[in-house]
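Chain lettering (A, B and C) follows the sequence in which the chains are written, and residue indices restart at 1 in each chain.
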């Protein structure tokens, strides 16, 4: 342990070298740009910038790349809050309350809350990595297909359940999402599904295209219907907004802690940041006193998913380093980088490449702090984007949406689909079909199905595999509890009310 | 005569190549805008890594005046990438890096594509396959493992692999032929995941490429049993304990008569000129001379065979026949 | 779609009509899904569900939900509530149409030229900016995008004759 701390300080010394520090700042800025531009995103951005780092030492290279990663994580929240366009799957849940906050003129607050929560989540995860890395590294090994499926199951259950919309509309929307997610190649049998011989359909419907269309384009159409303005233009630009928001945030310490734990757990058990963000949002909605207001612009609805997503995104680097299993697509590209620099990720990396590992961990601390400072100083700048007149910003958003949709698979057909999704999103929103369950289903549906079928392959068709050991049974049970939470809660309330002789509160 | 023609055209290609390398005369073709490398697989996989390594090497050593761009087109088991290149007739600024899905994807999915629709450029290397088990298992040799499979019921042993109806599953089916027992094949998305699933004992064995599993071997978590090649690997550095890649016996010597190597090569769209192909053959030769490339080969214990021209075409044609035969007997061909 | 007039005097399609339309459209998608998954085999094989199993039941549930939604709309919803006024819908379509044209143009002119046109049309039509401002923004944004994606990040986007002529 003492040895580790000495190593960590050595790592700080490595990171604090002027050249490395400069790379860090460059990396963060590049990362924010990459995160904001739709279609570049963390994974693509790092893949694109990877060759730049070949001429550096591995330590410098990983410092720069991981800072791009942090930057992209921070940047993803910006478009979600300002334009309802999440650039990464784990930013989807941030739009639910972040965008309404922006609409109410509270974009600055939402951005500050998002950035600060990202920071808290990431920092928590780094501390976990520093302190207990050797202990938790092997936790991921216990996750076979049934365990992975149970995690997705829990994510669905904690998110679904209570919805204000008519239940059959929620079901239709969610199931449609599953259906769309299934289009393309079936991973388990290698068969093509529902492509009907069209080469354009081979890709299936990527979540990003659906989300850009449903949320981004759909929102522009709604705005047009209501007259030409983003309602956010009313936002007063206040440089002090950061500090004002910081005064409120400590109130949510319990929420943050819970989200951090969810995030770390999801990140280490390589399920990733996306289920973490949805799960954290869903649970916060259930537990919070203001839960019924979620979706209308609650700051808690920004804190919960952002904290969890970044705790997960950061802790996902642990299984990557120690086992060579990437917890996210971005981590997968970083992993490729490690191999190209001649570093073998795996249990021995901690022993043989101390400089590198502790340099990376130290850069996580420093990168986060530097990143937070950079993005927070830019909050007023980002928020002022909403002041640009609608007739100028709308076509530019449209162009960036199109670029984002194109770069997913480098396919112009996806751009067409984006517009189709946009129109569908407009009509669905107007007729009260909730879009969030649909997006959740597109994002996680095929992964969940794959894990389910892998499990059954291994168990030769027996469903009992989902209750075969303590770990998977616990997660499945938690899922069931989450699914029937509202019934459990109302039952509990009724019990208590009966006890007190009062009518249960709605 | 054919062999003469082959060596002649190969000679021409080499002449063009070396001439371009030395003096870059005016008549040799040069790219005029960025070169695209299409990867018919997702980011982070073996083909993607190799494409990005080539990109980095070309950039670092300034081997080309134009920059190199890598794009992933992984839809439909890579079918999307192949169709894209097939449809870019005459585009001399496009390359595609292949893995076994060059053969397996059209056969398994019926996507209208064949390698003959492309212009072969060069084979960069061949990727090896090794039979791995968890180090805690009692099987010390491939013979032990095969004996255990034979002694157990059908489907008792679980083999993990990358994708469905692709190279890993083809090898698994070949193993089933040897043992006469069914194995339960579980497809995962990437080779790294498969290796970790094996470490976590969720599967009994895998046929990971060396680079995917080497870290776990060195950490004493996995044990290599045999390599699916005709000869032992030519890497003598000690990797794990006092074992080197060279110490792993061939599967054939263990009574498993299965050989399988995966092509890592470059192809171009149809309808490109000889000069254009020659440029890339030469470029790839220069890439192979760099220390970065040699390190990559060493780390991944690749089979470093290089081929271009007719020799390469013949190799690819043979490989296609092999795949067709294997996939037909496994029942993996798409229903027409 | 039935027409109706609301109290405020504006006219437009009824909410009920649009609800029916959305439900029917979803039902059609569901039927396509059912057809598609039947081709893959919807049974439960010896090692768990086959490729079409999940899509089939998912599509079936969509279909059932659509029927329920349709029944609810037909029975409960009154036909006088407006979906939107025609004027509002005209606004919406004035975005959809140029966007659709934009998307159609991208494969032919490349994304940069098409984007310049889209921005110009929008700014001139809705914003009524002077031609100078319109030209400035409509040309600068695609150029900046070009520099960012093609030059700095080396991400190729669709290009057309203009870019080819310029040597890209």
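Just so we're on the same page, a contact is a pair of C-beta atoms (placed from the backbone, for glycine too) under 8 Å apart; a residue touches a chain by one contact, two chains touch by 3 or more.
This one's a predicted model, so the numbers in the text were calculated from it and none came from an experiment.
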Which chain's mean C-alpha position is the greatest distance from chain C's? B
Mind having a look at which chain is the central one, using mean CA positions? A
Need the CA-centroid distance for the pair chain B / chain C, whole Å please. 40
Taking each chain's centre as its mean C-alpha position, how far apart are chain A and chain C in Å? 24
Centroid of chain A to centroid of chain B, CA atoms only: how many Å? 33
Mind pulling the chain A residues that touch 2 or more other chains? 44, 186, 188-189, 191, 410, 457, 460
Residues of chain B that touch at least two other chains are 71, 184
Which chain C residues sit where two or more other chains touch them? 47, 154-156
So in the complex, which bits of chain A are touching chain C? 33-34, 37, 39-40, 44-45, 48-49, 166, 168-169, 171-172, 175-176, 178-179, 182, 186, 188-189, 191, 193-194, 196, 217, 220-221, 224-228, 389-392, 394-396, 398-399, 402-403, 406-407, 410, 412, 415-416, 418-419, 422-423, 426-428, 430-431, 433, 449, 452-453, 455-457, 460-461
Could you list, by residue number, the parts of chain B that touch chain A in their complex? 42-44, 48-49, 52-53, 55-57, 59-60, 70-77, 79-80, 83-84, 108-111, 155, 158, 163-166, 184-190, 192-193, 195-197, 199-200, 202-203, 211-212, 214-216, 218-219, 221, 292, 295-296, 299, 332
Quick one: which bits of chain C touch chain B in the complex? Just the residue numbers, please. 47, 150, 154-156, 167-168
The chain A residues in contact with chain B across the complex are 43-44, 47, 50-51, 54-55, 140-145, 184-192, 195, 199, 202-204, 319, 323-326, 329, 332-333, 335-336, 339-340, 342, 344-349, 409-411, 450, 454, 457-458, 460
Flag every residue of chain B that touches chain C in the complex, lowest number first. 32-34, 36, 67, 69, 71, 184
